[in-house]
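Read through the structures below before going on.
Across the two complexes that follow, chain A remains constant while its partner is chain B and subsequently chain C.
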Partner chain A sequence: MSSLAPTPATAEPQKRAKRPIPRQSKANRPLLYPLAAFRRGATLFLETLLWCIKPGALKRRRRQILEQLFVIGNKSVVFITVTLGVLGLISVFQVLVQVERILPDFSMIGPAFIQIMTREFAPTMAGLMIATRVGSGIAAEIGSMVVTEQVDALRMCNADPVDYLVMPRFVASVIQTTLLSIYGCVIGVASGFIAAGLFWNIPAGTFFNLQLVAYGDVVSGLMKAVAYGMAVPIVAAQAGLETSGGSEGVGTATTRAVVNASFSVVVLDFLLSGFSFLFLSKGPM
Partner chain B sequence: MSVSIRDAGQEQLIVATGLYKSFGGEPILLDVGVEVFRGRILGIIGPGGVGKSLLMKMLAGLVEPDAGDVTVLGQSLQSLNASGLARVRDRMGFLFQNYALFDFMDVGQNIAFPLEQMGVPKAEITRRVAERLAEVELPGIERLFPNELAGGLKKRVALARATIAGAPILLYDDPTAGLDPVTSSKIFELIRRLHRPDGATVIVGHDIDRMVAVCDEWLLLHEGAVLFRGTTEEGRASSHEVLKTFFMETGMLGAAA
Partner chain C sequence: MIEFREVDKAFGQKVVLKRVSLVVEKGEVRFIIGSSGAGKSVLVKHLVGLLRPDGGRIFLDDEEVTELTEQQYYRVRKKCAMVFQNSTLFDSMTLVENVALPLRKHRHLKQKEAEAEAMGFLEKVQMDRLAGRYPADIGDGLRKRVAIARALTMDPEYVIFDEPTTGLDPLAAANVDRLIRELSDVFGKTSVVVSHDLRSIFTVADRIAMLYKGEVLLDGTPKEFRGTSNGIVRQFIEGRPDGPFEFPRIHGA
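Right after this comes the complex of A and B.
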């Protein structure tokens, strides 16, 4: 070690700011925050899709996907049952109260309600419930892994956090949001019938009539469910992966995840409703 | 400021030059350079919040510097893609300051994880996990979860995970933070034992009394820059005011006296 040449002991300590501070990027300007966040979200979405289609990736992460299927389903099923059940009851009740004043015929209430549940209420309410219940869970879980350096530990073990943490949640969320939307539709329609049957004596044969439900309505509902199922875990995982600071940072990330995921459901609903109106068949099933 | 250590006989496994990092416009590291030679143990010391852990994460490619370059085993981390970085990390082990044990896995799964990622057969993983647990004096705790362990045990499990793949480059970020003296001594004894003569070890820490027994070289960070780099003897011999104060307060000079 004799050849080592330490810093001369008499040397003055290093002066600060020897180099110019790098300019802040444009993305740091408040007006461009949403655009930068959207770009990062889109990048995360593409990365996740790439991991999904990698040969053997789904098989390799089978255990995590099954765990997430259980977690997402378990977290949401009661929530969706109650929410869509109550929504079905109240909607049909309120509609019948109003319709009673204008029309003597209630025969189209059931078919119209089934149509709107299929294409709008069921997927969107399920999406919003999953955005709050599951989105917050994903952001908190990944966020706390970030602040406790577990995500860095994954990287050091050569496990890509997108592959290991995001992809299984993404796949499980797409499957469960679709299934829960269908389930929510059944619950909503059934509880709507309870209101119609109990208070207005509308027979089941009249209420459960699919004459207004077109293929386009079913495709629109399923398309929305899949889109929400994709958007919620991506938005929540992005919030989680960008967590900084300690427990306060996790709280902020969780709030951001719920707000952004709910917002993305509403925006997607608007876009996909417009798409369905313009392009999807309105012919009967 | 990059202080050069010239030693033609030694191969550099890690070379970092001109590292600069700021957060929110506040510079943390200013033109820092590090060289880690094969067979050596480098201790990085300095006051709290000076950027030691940040520097360590830069050496592992976990944090990207605003300026400067880190070269590990001859490969510039900044120029590597994800798979290239993965190949370099296969040859590194990292012990995190706060353990960073996966809380959704038990101890056995935590330690086995790096080997699973490398595609090692299951039977061999089981054998190596048991061996490594015995080495860190925690045999038979595979089924416990991290939240069931005390701090010292967690540290030893994290040490087992960081070293199970037999990586030649080992990075330890404050390995004895918050531990009692007996456990701290055991941890440093393990670090010394697990150091490979054909590899390199870097330790960030404050426990200089114990680090003296392990480290060959020192790097003192002060106000975001390298204030001193050299051997223990050179550190003790220095008359630099900051250096003297730091070593005196941490007991290093006392050990020499």
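Right after this comes the complex of A and C.
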């Protein structure tokens, strides 16, 4: 170990060896960045799933999961009510204005609206709302913990940040996105009926007709809600965990979380809609 | 003994460490000094796997720890505790719960057992009376004491202090300095202290290494530092604003 002796007090900076100084890793090249980010996101998703299925994991994190159920779900109810309510009202109103010009019969408006609300609007609008409200919250919270070294402190205590921070948010988000999508569907359809009944005198029996809603539509809607519920916390947590550079970094991470989570909802919607169209039953309920 | 051998680290295009080699002998209080942004904290975080080097090797008691997995690092983190610059107590937990956390996670104690043991550590730093309070309820100096208690729960052989006296009033800072010295003199622990607090450097350190532009500029005893003819070191330890010392540029500026 003689070569490891401290540098004499009068020594100049250590002599350079032949090894070149690393400049930039491949992951930082702009073209490879989205691929690298996707790979890290997929890894985080798998890690989170592993923590979820560990024996006793849900019981151990019960307190944090309940907290997150409240933060993600209850605090989003008003937001979802207003958004889906207005969307239902406007959609039915605009459709009826157009249909009135070409068709004398409004009997299929209600069933068609309920179908599209079930398989498309309710889960996707709820997903987008959760991506903005919940995604930004998760990224800001975890990002702040990263820049104040609380995440490092967790790791020093032998506590995995994925288990402590990501898993409870993931579980709560899946449950609440699904419940809020169902709730949003009910609100959207109900407010759609308000427009139909109030301005075109369509009776409730005609509007609330499920004849066009197939099993596949319900499965497709639920599948999308669960997928968005999984994607949003993972994308947001990844942005939070990769925060660097103090409070400015937290802001950047929050913006990135909202953009990426919304983008992931749109991409998943496209993929799952295609899957549903090709593979799910179109038979009546 | 801790040994960093030619460690490199860059964040994107910003090179922080350039082939840094450093040895920390057992039982000593080893200071790593330098201006803000010189890479001091980055260097010590490599030892416990909070950061991974781009090049070079790191040894702990003659065992290479450079390539360990996150799980394998838990063993290293039991041996090397770390007191962070911001204390990093968890806001949602009481002080005693904060100190009990490593006992629960590393030693798998039940909550009540862990808290009973944690109280003993809080007593050592005279914080037992405030055990049920939350970190937000107490001042920086007291938070630092709790963070030290938390670091000591696993009876580590090495304790890393990241700027332990920054932001503390002179009395609180002197208390922390005394605690660091006692850890070495009374309990035989090895301390690695990242600091630019000149008062602490010359009252507590056994040996000092100064990082400048990502390299070790000088490595020696406090006496050797005082007697050095190196203009950059002299300017730094004398705290003069003018001289050959080039302050690190803000990345991107």
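In this text, the second predicted complex is superposed on the first by the 271 of 285 C-alpha atoms of A that agree within 3 Å, B and C clash if a C-alpha of one lies under 4 Å from a C-alpha of the other, contacts with A are read in each partner's own complex, and residues count from 1 in each chain.
Going forward, contacts are C-beta pairs under 8 Å (C-beta built on N, C-alpha and C of every residue); 3 or more make two chains touch, one makes a residue touch a chain.
Values in this document were obtained by computation on a predicted structure and should not be read as measured data.
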item	value
First (chain B), second (chain C), both or neither touched by A:K59	neither
Chain B versus chain C as contact partner of A:R101, first or second or both or neither	neither
Partner chain in contact with A:D152 - chain B first, chain C second, else both or neither	both
Residues on chain A lying within both footprints (that of chain B and that of chain C)	1, 4-7, 9-11, 13-14, 16-17, 19, 21-22, 24, 148-150, 152-160
Of all residues in chain A, those that touch chain C in their complex	1, 4-11, 13-14, 16-17, 19, 21-25, 28, 148-150, 152-160, 244
Complex contacts: residues of chain C adjacent to chain A	3, 5-6, 8, 10-13, 15, 18-21, 23, 45, 48-50, 54-55, 70, 73-74, 77-78, 81-82, 84-86, 88-90, 101-102, 105-106, 150, 207, 209, 212-213, 215-221, 224-225, 227-230
Chain A - residues contacting chain B, complex	1, 3-7, 9-11, 13-14, 16-19, 21-22, 24, 148-150, 152-160
Residues of chain B that touch chain A when the two form their complex	1, 3-8, 20, 22, 25, 27, 30-31, 57, 60, 62, 66-67, 82, 86, 89-90, 92-94, 96-98, 100-103, 113-114, 117-118, 161, 216-217, 222-231, 234-235, 237-240, 242-243
